[in-house]
Amino acid sequence: MVVETTHPLDVYLRETGMHHIWCTGCGNGILLNSFVTALKELEINLDKIVVVSGIGCIGRIAGYINTDSFHTTHGRPIPFAVGVKLANPELKVVVISGDGDLFAIGGNHFIHAARRNMDIQVICVNNFNYGMTGGQQGPTTPLNISTTTTPYGNIEHPFNLVHLAAGSGAVYVARWTTLHVRRLTESIKKALQKEGFSFIEVISQCPEIYGKSTKMGLPVDFMNWFKRASEIQHFSDPAKAEITSDRIPLGEFVDIEKPTYETLLRERIIQVQNKMQGGA
Amino acid sequence: MKTVTETKKLWRKPLDADKIKQPQAEIYIITDRCKGCGYCIAYCPKEVLEESEEINARGAHPPKVKDINKCAICGYCTAICPDLAIFVKEKTNEQKEAEKNERKE
Amino acid sequence: MSENKKEETKSPEKEEIRIGVYVCHCGLNIAGSVDCEDVAKFASTLPHVVISNDNRYTCSDQGQDLIKKDIKKHKLNRVVVASCSPRLHEPTFRRACEEAGLNKYLFEMANIREHCSWVHLYEKEKATEKAKDLVRAAVAKVALLDPAVESEVPITRKALVIGGGVAGIQAALDLADTGYGVYLVEREPSIGGRMAQIDKTFPTMDCSICILAPKMSDVGRHPNIELLTNSEVQDVKGYIGNFKVKVLKKPRFVTKDCSACGDCVKVCPIIVPNEFDVGLATRHGIYTPFAQAVPSTYIVDQNLCLNKEGIIKCDKCIKACERKAINFDMKPEQLELEVGTIVVATGADVYDPTSLQNYGYRKFSNVITSLEFERLINAGGPSAGHLLRPSDMTIPESVAFIQCVGSRSDRGHLYCSNVCCMNTIKDALLIKEHWPETKIYVFYVDIRAFGKGFEDLYKRARKEGVIFIRGLPAEISEDRKAHNLWLMGENTLQKELYKVNVGIVILSVGIEPRRDSDIIQRLLVLSRTSDGFFMEAHPKLRPVDTPTGGVFLAGCAEAPKDIKDSVTQASAAAARAGILMAKGKVTVEAITPRALDEKCKACGLCTKVCPYNAIVLNKDLKRIEIIEAACAGCGTCGAECPFSALYMRHFTDDQIMAQVDALTEQNADKKIIAFCCNWCAYAGADFAGVSRMQYPTNVRIIRTMCSGRVAPKFVERAFARGAAAVLVAGCHIGDCHYINANVQTQKRVERLWKKMEKLGLNKERLQLLWASAAEGERVASKVKEMQATVNSVTREEIEKSKKMAEKA
Amino acid sequence: MSEKNRALSGKHFYSGDLACAEGALAAGCRFFAGYPITPATEIAERMARRLPQIGATYIQMEDEIASIAAVIGASYAGLKAMTATSGPGFSLMQENIGLAVMTETPCVIVDVMRGGPSTGQPTMAGQQDVMQAKWGSHGDYEIIALAPSSVQEAFDLTVEAFNYAETYRVPVMVMMDAIVGHMWEKVLIPPLEQINIKNRKKPTVPPSEYMPFKPDKDLVPPMAVFGEGYRFHATGLTHEEDGRPRTESIKVQQKLVQRLCDKIRKNSDKIVKVKPIMMEDAEVAVIAYGIESRAALSAVRKARNAGIKAGLLKLVTLWPFSEKQVAEIAKEVKAIIVPEMNYGQLVREVERAAKATPVTFLPKLGEEPHRPEEIFEAIKGGI
């Protein structure tokens, strides 16, 4: 055993990323690890990728990764990313944010970007609650869980995110837990290489905050839950992929080809310009 | 598969046992990054790691190596660490040499 | 089936019953200890018997012609033959009857050979008495028999071959080449079996894998063969021609895209001894068992791989595989196959000599087994064909083979493993070929070189200077330094002691049944001989058939045999299966029940005991319906029905009662009435006969298809008629040929015991016996053991028990 | 050819909305994200038709929040970007206008003002958003706002808006009342080379030394663009000059917020534009902007004919407010009259600057601007 001070992946991180603000065992760190591993393995040109994040614990990730990055207002990373992508289609634009940011306040942007098949990659770290503000109920909080804003138990039906994404028209949809980090990395690689709107849901742990609502005090408790409840079934019906305490359906749900907004836009522009030339 | 039972039945030392050299692992730990979540310890497939007594700058007990020879260099600890505080590599020949010399002294 | 009904409705109640009885001498087999003439004379006095005679061989053409003539001449409408076991010749005589225009179900046999003459060789008088009883019973039953037409069931024209050794491969290829679809199920990752491990074959000395590999690849690419490796048969339902087989196809985690480049192996961190090389070489967690494996696709060893439950911890192989052929999401598949025939070619295990401590296997590193030798001498093996001593990796100057290790001895197995002698001779010659100077000793009991070309090979070995010493070493010891071995024993030819020093000892280990044979046995309701190999339907006449219709045997699963015999038997099995499938249909014996709606109270008891769920209760119509195709005719439903509402064709209550009455007509108080199931107990009794086991004459056996048919009232009737004792015998629990019908037998007997206790009867008088077809000994000794009870029963007890029936 | 097409040089008969769109194109706008809303829709429609012709991007987003977010994104990816809306949409954009301020994003937001509050009078004109333009988002900040009073100005000031945005890395608003937006007039579009166009400052240092928010002397940091290899981070959080968020540092917060304001305030002389008309000897000054300035002008002429020394100070930039200019006038005149199509907004700024000089406010609600007579009456009352 050797005591070290630097990690081989440090080159993909800004100084802040090496000492991030996340709590002990927070899944965000695993996603950060997984994401930069994917960048490394794909040997992606770091000058040509932009990471965009929203608000919440995971929102910090844009600042941690050593690429062009932007930390937007709450709920708006997707439309910002759309602007970047359309302005410079040669950039890979990745949105990494949380369940609250992407599906509560930002829900509208998500479904429309998916509908348009914008060529952006959206990674949602789903920790089932609002962690940064102290554990309030969110769009993915399971029924009956008591949070600080559902002290008598949650009465809202949670989103089934992979179903929502598939239904909105995403061309690639996958879901993994942080325990399945290697498969997560593979999915991220696949998404980064795929044209069109891709969505990856990362079932993540929030031991400090959500752990209190669920009596899963130790980080490992979450991992053990993931281990116990996970069911890998590729291309199963996303509609049947609801997450319950004893079943977390995982795998790739969608992987289809469909012309992206950018492609269609470029085609149109060329048509228009040709017509004009002909006219002129 | 009945491999496991079979393997028990197989008692001889394979003739090529010495020839095949299993790669030796070196585990690197960035002690002060560790927040002590314990994933690497709990989910190491070969139970190579254990919690150390040491308390680091963050007040956590970083992992320490229990039995390096068990390590298969699968790198799961590297992949699962939320704090990029641990990574494993195959031992370089230099390192092996160095160790040999140490043993000599 | 509708025809059957018609057939039965015009059953000949009205017409006068005319029975012909034929008592067979079977040369002296019967006549030697039974006065057949006397028996025939006696028979003529029985009711409805219009003609009765005795002749030397009833099964001969003349014998059969006589029956046919008589049927015409005397207008016989029933026939009884008293000869051997119906398990042997019932089909013969039934055919004869049919040819003479008599419905074959109007025929009955009295087994006066296996159950009488052979087991009472020295008590002619008593044997004759017994023979008369048996004939009386047969006549009584035959009078009540109904004519029946067998219904036909179509046969699925697909075969299942279990086991991918050379036998399975041959059977599969033959069937496939005939044009039938074949599923070949092999539980290992590759087909090839033991033959793939062997270096050379005797007597021709050609390279084993070289001749096997082409066949293996033929299987791999045959359009009619679906190869299912890494798969196990989990469940078999149905019956001849219509088996539904559940196969569990375990995941390889490597897809068909695998090009067998081996890049994955280089990076796999898991290293373990390789089964194929008997642990003499290593393999990785992802591997191919051997170079010529079929399919050539690699496989991940689930138990050793670090990736479990879908969590990928180690992705080295995944990353190494350019063709992306590794997929840890493969799941076990449950396949449902529909086949008409099944060939069992599950092979055998190799004897583990560890327990024979005097040979020092596992204690002395230079003591190896013949299988280990095969890998060492094999050019493609771990030592590249060099016979290296494990202790120091040198080539020994002297070698000793020890024969019959685990064979022909109560330390191991009693039987001869059949191949070891020739294998050793072949191995000795191989050593001579590579290292002519090597001194080779073979310690043997007898050299068995019975096969074609075997003797020549043996002679050659002697000519080349292999030293054959009769007499196995009593003890092997090792000298600590050189790790050479001292063999001490007696040369039984020279009558002198020897003490030989050699560099290496090769234990010529025997062949033993698969340790998990019981699984296949249970699934396919097979029987096994006392040495544990699967039993054929008839040792001579149906050597590859099994008692279960549509199931056949090939290779070492049936008995130890060499490659040639395995292949021969495999082709035979394929042919037998082919015959059935060529016919396309099979007739179901007309021994299935008919519901008597007027008596049925729709209580549903029968539906609960039917092992095949062949009876359904129609609540609306308040009656039961029988699914004939699913019914196997065990009759346990009939035994369960409190209202006698099930008419068990060919084994009706009346018929069996009639047999009981007939057998208890004279000095019942000295008799044992035995009810034996056709497959195990009755066959066991036959086996006792075949092996001439002698036991008391006072037992009278009534055959039912299954012990589950034995209704309490039969037993009570026997006691009521004053029988001294009653024996109910069937297959071992778990071996029942009707899945688990004999569980009902046990319940019923236990109920009877309680009842007897209540009535103050000595329940010793009712015995329950589980005996397999191979356990003639158990049957014989049970009968002996019961004598004590028979002798002890008093008049009073007999009288008391007579009341039992009245109470019932 | 797309370049040639960019500016349709020549005489045209356009509405203010159209001229505004053409001004954007001439200024080099290559990205428009918007959402339909009366009375700004024509700008989106024009952009949807014109941008593809020059090989650039128009996208209709799902709402105004998305529109401004996309505009900020496009700007960070290196394009001159614009959105156009009206009151309700303008309100939705406020949070991200704050983001644009905080991340110093060059971008143009056109607000074609209608009658509010809330849905108010969609088809009727107003000048009720001028304060919101400055104060609509939370926190302390400065922006630049322009107010065209004619279709020609709609063209010219939109070009100017882009130049300001690029020069000062700040969101710039074109506050155009619906009358100007829907009014058709003659427009002269000069040849492209005669149009003054400014572009953002590029970094001069290598990526390793680049700090995205380290200002030059003019307080404006050079702006790198995504994909150029600078690999920088921008955030709506209070941040260091290198972009690192610093949410607990008082010093960093003071430094940052002050600079964000000062880069406009300290440069206001360069930014502020007013048009004094007949002010040399004026005793009564009318201060107006947008459509109101045209009514005011004819009122002033009327007054002059009547021998009253009246003058007009027409505000071209609303923000930063032309405090100095107003103060100077205040010293010269007896009275100041401020007509606005609202119930009193910019007049407060005028009063603040005018000090002792009496200021008469003429409010106007509903479609109609003031009639010259009404202003003329006020002028008379002023003496």
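By letter and in written order, the chains are A, B, C and D; residue numbering begins at 1 in each of them.
Quick note on the criterion: a contact is a pair of C-beta atoms (placed from the backbone, for glycine too) under 8 Å apart; a residue touches a chain by one contact, two chains touch by 3 or more.
On a predicted model such as this, the values are computed, not experimentally measured, just so you know.
Among the remaining chains, those touching subunit B and also subunit D are A. For subunit D, the chain with the farthest CA centroid is C. Think of the whole protein's Cα atoms as having one middle point; the chain whose own Cα middle lies nearest to it is A. Summarising the inter-chain contacts, the pair of chains with the most C-beta pairs in contact is A-D.
A straight line joining the Cα centres of subunit C and subunit D is 98 Å long. Inter-chain spacing, taken between the CA centroids of subunit A and subunit C, is 61 Å. Rounded to whole angstrom units, the spacing between the C-alpha centres of subunit A and subunit D is 37. Subunit A and subunit B, compared by their mean Cα positions, are separated by 31 Å.
Residue positions 311, 313, 315 of subunit C are each in touch with at least two other chains. Shared interface positions of subunit D, defined as residues touching 2 or more other chains, are absent.
Shared interface positions of subunit B, i.e. residues touching 2 or more other chains, are given as 43, 76. Interface note: chains touch in the pairs A-B, A-C, A-D, B-C. Those residues of subunit C that touch subunit B in the complex are listed here as 187, 189, 230, 250, 269-275, 277-282, 301-304, 306, 308, 311, 313-316, 352, 362, 365, 372, 382-383, 388, 390, 393. Within the complex formed with subunit D, the subunit A residues making contact are 14, 16, 46-48, 50, 52, 60, 62-63, 66-73, 75-76, 78-88, 90-91, 108-109, 112, 265, 268-269, 272-273, 276-277, 280.
Per the touch definition, subunit B reaches subunit A in the complex via residues 26-31, 33, 35-39, 42-43, 60, 64-65, 68, 76, 79-85, 87.
On the side of subunit B, the complex with subunit C involves touching residues 1-4, 6-7, 9-17, 20, 22-23, 43, 45-46, 72-76. Contact residues of subunit D toward subunit A in the complex are 1-2, 5, 30-31, 33, 52-53, 55, 57, 59, 61-63, 65-67, 69-79, 81, 95-96, 98-99, 103, 226-237, 243-245.
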